[in-house]
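Provided herewith is a single structure, encoded as structure tokens, for subsequent inquiry.
Chains here go by letter, A, B, C and D, matching the order in which they are written, and residues are numbered from 1 within each.
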Amino acid sequence: MNKTLSGKLKKLLFISSAILLFGSANAAAIKESVSGKAVDDATIAAGKTLFEGKCQSCHAINNKLVGPALKDVHKRRTYDWLTKWIRNNEALRKSGDKDAIAVFEANNKAVMSAFTDLKDDEVAALVMYIEDASAGGGVAVPVAGGATDVVAAPVDPQVVSKVNWVLIFLFLLVGVILFMIVKIIDQVSTIRGKDVIKWNDINAIIFLIFMIVGFIVCVWEFYVHGKLVLPEAATEHGRKLDQMFDITLFFTGFVFVVTEFLLFWFAYKYRGRKGKKAFFYSHNNKIEALWTLIPAVVLTVLVIGGLKTWRGITNNPERDKFNVEVFGYQFGWTARYPGDDGKLGKSNWNLISNDNLLGVAIKDRAENLIPVLEQDIKDLEKLKKELPEKLEELKTTLGGLVGEERKVHLDKIAEIENGTAKSDLEKTISNRTIQINRIKVSLETENAKAFYDNTGLDDIIVNNEIHIPVNKTVTFKFRGRDVLHSAYIPMFRTQINVVPGLATEVVFKAIETTKDKKEKLKKPDFEYWLICAKICGAAHFNMKLKIVVDTEADYKKWISSQEGAFTKKAEAPAEEVIKKDTTQKTLVIN
Amino acid sequence: MSQTATHNANAHGHDDHGHHHKENFFTKYVFSQDHKMISKQFLITGIIMGCLGMIMSILFRLQLAWPDSSFPILETLLGSKWAPGGKLDASFYMGLVTIHGTIMVFFVLTAGLSGTFSNLLIPLQVGARDMASPFMNMLSYWFFLASSVVLTISVFIESGPASGGWTIYPPLSALPKAMPGSGAGMTLWLVAMVLFIGSALLGGINYITTVLNMRTKGMSMNRMPLTIWAFFFTAILGLLSFPVLLGGSLLLIFDRSFGTSFYLSDIFLNGEGALANSGGSPILFQHLFWFLGHPEVYIIILPALGITSEIIAVNARKPIFGYTAMVISIIGIAFLSFIVWGHHMFVTGMNPLLGLVFMVFTLIIAVPSAVKTFNYLATLWRGNIQFTPGMMFAIGLVSFFISGGLTGIFLGNAAIDIQLHDTYFVVAHFHLVMGCAAIFGMMAGIYHWYPRLYGRTMNKTLGYMHFWLTFISAYMVFFPMHFIGLAGVPRRYYQFSVLPEFGVWDDVNVLITMAAILGAAAQLLFLYNFFSSIFFGKKSEQNPWKANTLEWTAPVERIHGNWPGAIPTVYRWPYDYSHPDYEDDFVLQTVPDKGNEESIAHSQTAPVTPEKTNSPEVVHFSALLLRWLGLRNA
Amino acid sequence: MSTDSSATVSTTRTWSGGRSPFDVSYGKLMMWIFLLSDAFTFSSLLVGYGAVRFSYPAPEPLVEKIAPMSHVSHEFVDEMQHIGAFSEKHWPSPDLVFNHFPFLHGIHLPLMFVSLMTFILIFSSVTMVLAVEAGHRMDKKKVGVYMFYTILGGLAFLGCQAWEWTQFITEGATLSHNPFGPAHFAALFFMVTGFHGFHVFSGVVLNVIAYISAKNGVYEKRGHYEMIEKVGLYWHFVDLVWVFVFTFFYLI
Amino acid sequence: MHTDNSNEYVPETYVPHVESQGTKEIWRTLTILGILTVVDIVLYFAMPLTGFRNVVFILLGIIKAYYIVASFMHMKHEKVDLAACILVPIILVFGLIAGLLYEGNFWLAS
């Protein structure tokens, strides 16, 4: 990182606020944990990994994102409560836990995902990491500032506000001085009857200086910041795209220099002088034609180049050879690999549930979902019936409450009284009914066999990182479930929106493994990332998924170490059988 | 004249008010139907909205520059919900970005810019007593004001303002549960926009009618100043594109509130499927939105270019170079702007084959833009440039238009757009080419026509300081952003923490924010200058810049009807600056031809005489269409 | 020289200023421009409809399978769903959806009612244009009579539309649900015909105002009946839009 | 138009005098529109559901639109410049139509 002018300015003006204590301590900052487990760096590190994979898209330690800031959460709640909440917050809420409901209400009723498959150790590690981070500690993993980083408590407000006042004062002072100067110049000009300053000449000269300095700064920018732009593309088409970029940069750069130069040079050269008369010259059709044609020709070149490149990228003949599904949601990414059968199972958003977050078409899961939903409807109906009683209760407990609590209480009363509570419940019930119907239809109609074809059973679902083999054309199939996201992989030069209801895809061939790129760039912590580039909500800035490009051998090793998502807990022999069946089937088909 | 003048209350039964003899405070300043007063109302509302937008940008720039610091003053100002502990909330950050964009695009650069100057200049420069329908003109302002008020209120409601970006892409904007701002804030945003569309249509119909129907004697289309050409086509663009947004918004309103699913499908949100909704397509909205959205860009920049054409010609004391080419460019840009909307959607899931078509048209649009730029340069060449504050801003506009326009060639190329779409590169591009350039056009117009508005001039010294500070700070803000974008940082990020590589831009962000604060401070100079000059500015002569156009032939005193006597007759085009046959370096449009003038320039110089009537006019598709449509001639 | 050229300019060509190039008053020009703009609003809705429509397979030609039509609403729909004429998968054939006629329940009369509506609108357009013509002759009485018929036609059309909506809704169609096929079919139907109906309604209101003014002799005093022409332009535009709504919703 | 010392704005009040052209054309247009609508209905039952039939319907619609605009809305009798100014911008809709229908097809395919 270069300490540029701006860096110095930053130091100069915000000395006090710049005292940011980046967590760098190696040792853990806590002695004991509420989880009762022994504190050690390895556990904390494991907790951090878990946090990054599962929590950080919605939570930060110090900031409120979608969910609340997690600093000192272990002091606010019991460990037992935390475990329950993390595993299945919805169940906890339904059990009538007051705290759980309060948290839910306080966060815009945003539903947190359930993590039912977290093991005890994992929950403990997660909590330990949060404790450690709250206490200002941190494992020695360098991460640039921000949500996941362990930032010290905000700077003492007193200091900051003093700095601000000083700044404002300085600011005003400069303003007043400038204003005085202007007034003096004006006064003198009025007295003398003509301008003291020859504005025409001065401005012309400043324009010239601005041009010279501007060009110098431009070159400096290209030299300094130009180095910080994306390194060479790691995909085949990316290289072509970069080439196209360079060609465009060449032409536009040339035009930029020439026209800006002429603009400021003319401004300087032909500044107005007394007694001079401009050259009366109103048109010249030949010149017009010339400078219509030249840009047209240049643009034709660019258009043809662009058309070829674009077509090459979007019309890749090798698409669908190797598919990976990437699933975008608020606020994270999940990927799904075809299992041994080489086919991605079908999916439908109606099947999404706590144990099937991608809505993969698995027959028994779909069947099991129906009673769950039916139970839900029953619960909701009960809630609906109890609304008048609840209103009474709320009204009786209202007395004595003050401040924020009273406001929440009043809101709730209002919600029931004006019928929104009821209509919300009814909407949910109707949605559930629709969902049940759709699932039933999908199970019963003739297409059911084709839809629940069990190809999804052995699919592999990964949350943390995607691995892909090098030098092989890969198709990423994108699917979303809530709002638009944009799957942007800067290093691969690929981007496509994730559109709920519309299948989108990118096809590319990575030509450099992560390892090679690390060595080439001499950055040991370099990774390929998939990030979100389309505004999608509060934590939009925080959605990422690591992509690892492996050699063919490494990839094989990795993929074979992964378990099928629906065969993982394959204690039940029935599923084993099904799995075997499917493999046989695919064999036959193949 | 063959026209029969009869006194009718006009189509809408209200224009009888033109006859009022006594004016009280309300009829003069509030419910005025005088186009000059309405112009001032647009301008001042626009400036106020501009200040709001600017303050918002400073707020979120603070967050970007010092993401880990706390500014207690923010908590005092915004409350603990939106700035807990003096740190901007992520949702509110999105809201600020959204409302900043909305305000700047629609309220400042559409209504504030073209509303102000179309109102002021169209009647004055074409030689009309007022707009065709002063009542509708007033209504247009009141719709605009109502819309501004609704949008401003939406910032302060409890659940927060709309926060899905100014493009309000569904499903984010269609699902109230998707984020806090998608609730009541979004509803108010849509209400504001419907009101705004009403305002734009009422205004646009008026502008077009006035230009077509109410030009004074001798003001043929090819003698109109380029400002009028620009406003004319701006109005046409607005008239034809805003209705499409209206259609799109209606569908969105129904999706939000009445259970339809035009834009929704496969939604599972907040632990629950919005399951009644299926089968829609978010892409549909994007098409409808950008069918407005792209012409909207030209609605913003064309008036600025028109103003610049006028000011550069006046202050270079030279005729604008290539008047006809300039007009053709405006027409070309206006036409092409309707068939390039898809370049905003190359990677949004649009059919890639359509991308090819849109790419071709998009890059073609660079040609007329280039022609305009070259013509500006040619106008400056061998001029006698007077650096009035207006002229400074006009030159600044040309500079921005070049810098920002060229990066458009990258973005218009579908292939390169894959990498640059929705990154800071885009932010840099459009802020330069339609943000800064258009603001500079607006500033140029304000400084230039201030004497016409208020009869006084703005302080020159402050004007120069304002210009230089703004010019330099604007480049400092937006030039580095190109590099941030090239490093792959997406826009609308609350902080640059998602990838470790992005950390290197923290310093640059500080620099940009400093520059932005500097730029904002420079606007304080402008505000002071503007408002104090209304009362204390130096009294101006009638034609302070020695310009040729008609507005300077009308007295400065406020007269409803513009000219005390008969409307002047026009004998020449407006760009006879430094004409060799005249001693002065300007010849008013109302000066008759000497009869033996050497016609170096244009047919425009010569008066329209019966012999000359066969010469083709610029707008003359009639002859072509006659044959083409087979309609009979009247 | 000056007086000379001023005389020449004012009589020169269409576009040289000092006169309306189109020989129309500004009010009429404004109405035209407004209608152009409004045409774009309708276009956006209809084009949106087109895009959605194109994203579903075309209706299946099953007409021959529907023999004697027992049109008691729910049974009919069930039957159609059973034979596959109505399913969420493809766009329904409009003649199976809009095949009712008031007082003639149970008879399959595709297109008849909507044709009636079309004719009502065309006739009201004719009376409108007759009112305009009477206005040209400064015939106050005739203007009144024809305006009255036009208003009657407009109200009749609105009534028909109300009946059709009621029928459609009682058969189970809402903005989010449609027993005949994709929910979009119903939603877009309500949107587009609703928006058109809203225009008809405003047209009727304008007509009523113009009618009262004409009765009161406002236009006679003014010396011309241009207001009737302007209102007429709007009314014909509503008719024009209906031509396309009819074509795209009911025929195709 | 304006007296020299008047500061009051009077809106342009020019209204061209239009002579009545009789009712013959109106009845003729009504007949044509009526016949075309009947043709529509007949074709609906007579022709098989094909793309060609849709094209015929659209063409008939455009012809009807022509008669409404030209005759009822008086466009035929206006100056050709007005007709051009109002009709030419309609071209821009075709871009939207082409683009969106193409897109609709794309959604169907995917």
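Criterion: a residue touches a chain if its C-beta (ideal position, glycine included) is under 8 Å from a C-beta of that chain, and two chains touch if they have at least 3 such contacts.
In this text, all values refer to a predicted model and were calculated from it rather than measured experimentally.
Ranked by C-beta contact pairs, the top interface belongs to chains A-B.
Taking each chain's centre as the average of its CA atoms, chain B and chain D sit 32 Å apart.
In this assembly, the C-alpha centroid of chain C lies 13 Å from the C-alpha centroid of chain D.
Rounded to whole angstrom units, the spacing between the C-alpha centres of chain B and chain C is 35. Touching of two or more other chains is recorded for residues 1, 3, 6, 8, 10, 132-133, 212-214, 240, 244, 276, 278-281, 283-284, 287, 291, 634 of chain B. Among all residues of chain A, those that touch two or more other chains are 502. In chain D, the residues that reach two or more other chains under the touch definition are 11-17, 78-79, 81, 85, 89, 96, 100, 103, 107.
Viewed as a network of touching protein chains, the structure does not reduce to a path, ring, star or complete graph.
Within the complex, the chain B residues that touch chain D are 1, 3-8, 10, 15, 18-21, 34, 128-130, 132-134, 212-214, 236, 240, 244, 281, 283-284, 287, 291, 335, 338-339, 342, 350-351, 353-354, 559-562, 564-567, 621-622, 625-626, 629, 631-634. Only residues 502-503 of chain A touch chain D when the two sit together in their complex.
Every residue of chain D that touches chain A in the complex is listed here, in rising order: 107, 110. Chain C contributes residues 14-15, 20-26, 29, 32-33, 35-36, 39-40, 43-44, 47-48, 50-59, 61, 93, 95, 110-111, 115, 118-119, 122-123, 125-126, 128-130, 132-133, 136-137, 224, 226, 229, 232-233, 236-237, 239-240, 243-244, 246-247, 251-252 to its touches with chain D in the complex.
Residue ranges of chain B in contact with chain C, taken from their complex: 1-3, 6, 8-12, 126-127, 132-133, 136, 201, 204-206, 208-210, 212-221, 223, 239-244, 246-248, 250-251, 254, 258-262, 276-281, 284, 287-288, 291, 569-571, 592-593, 595, 607-610, 613, 617, 619-620, 634.
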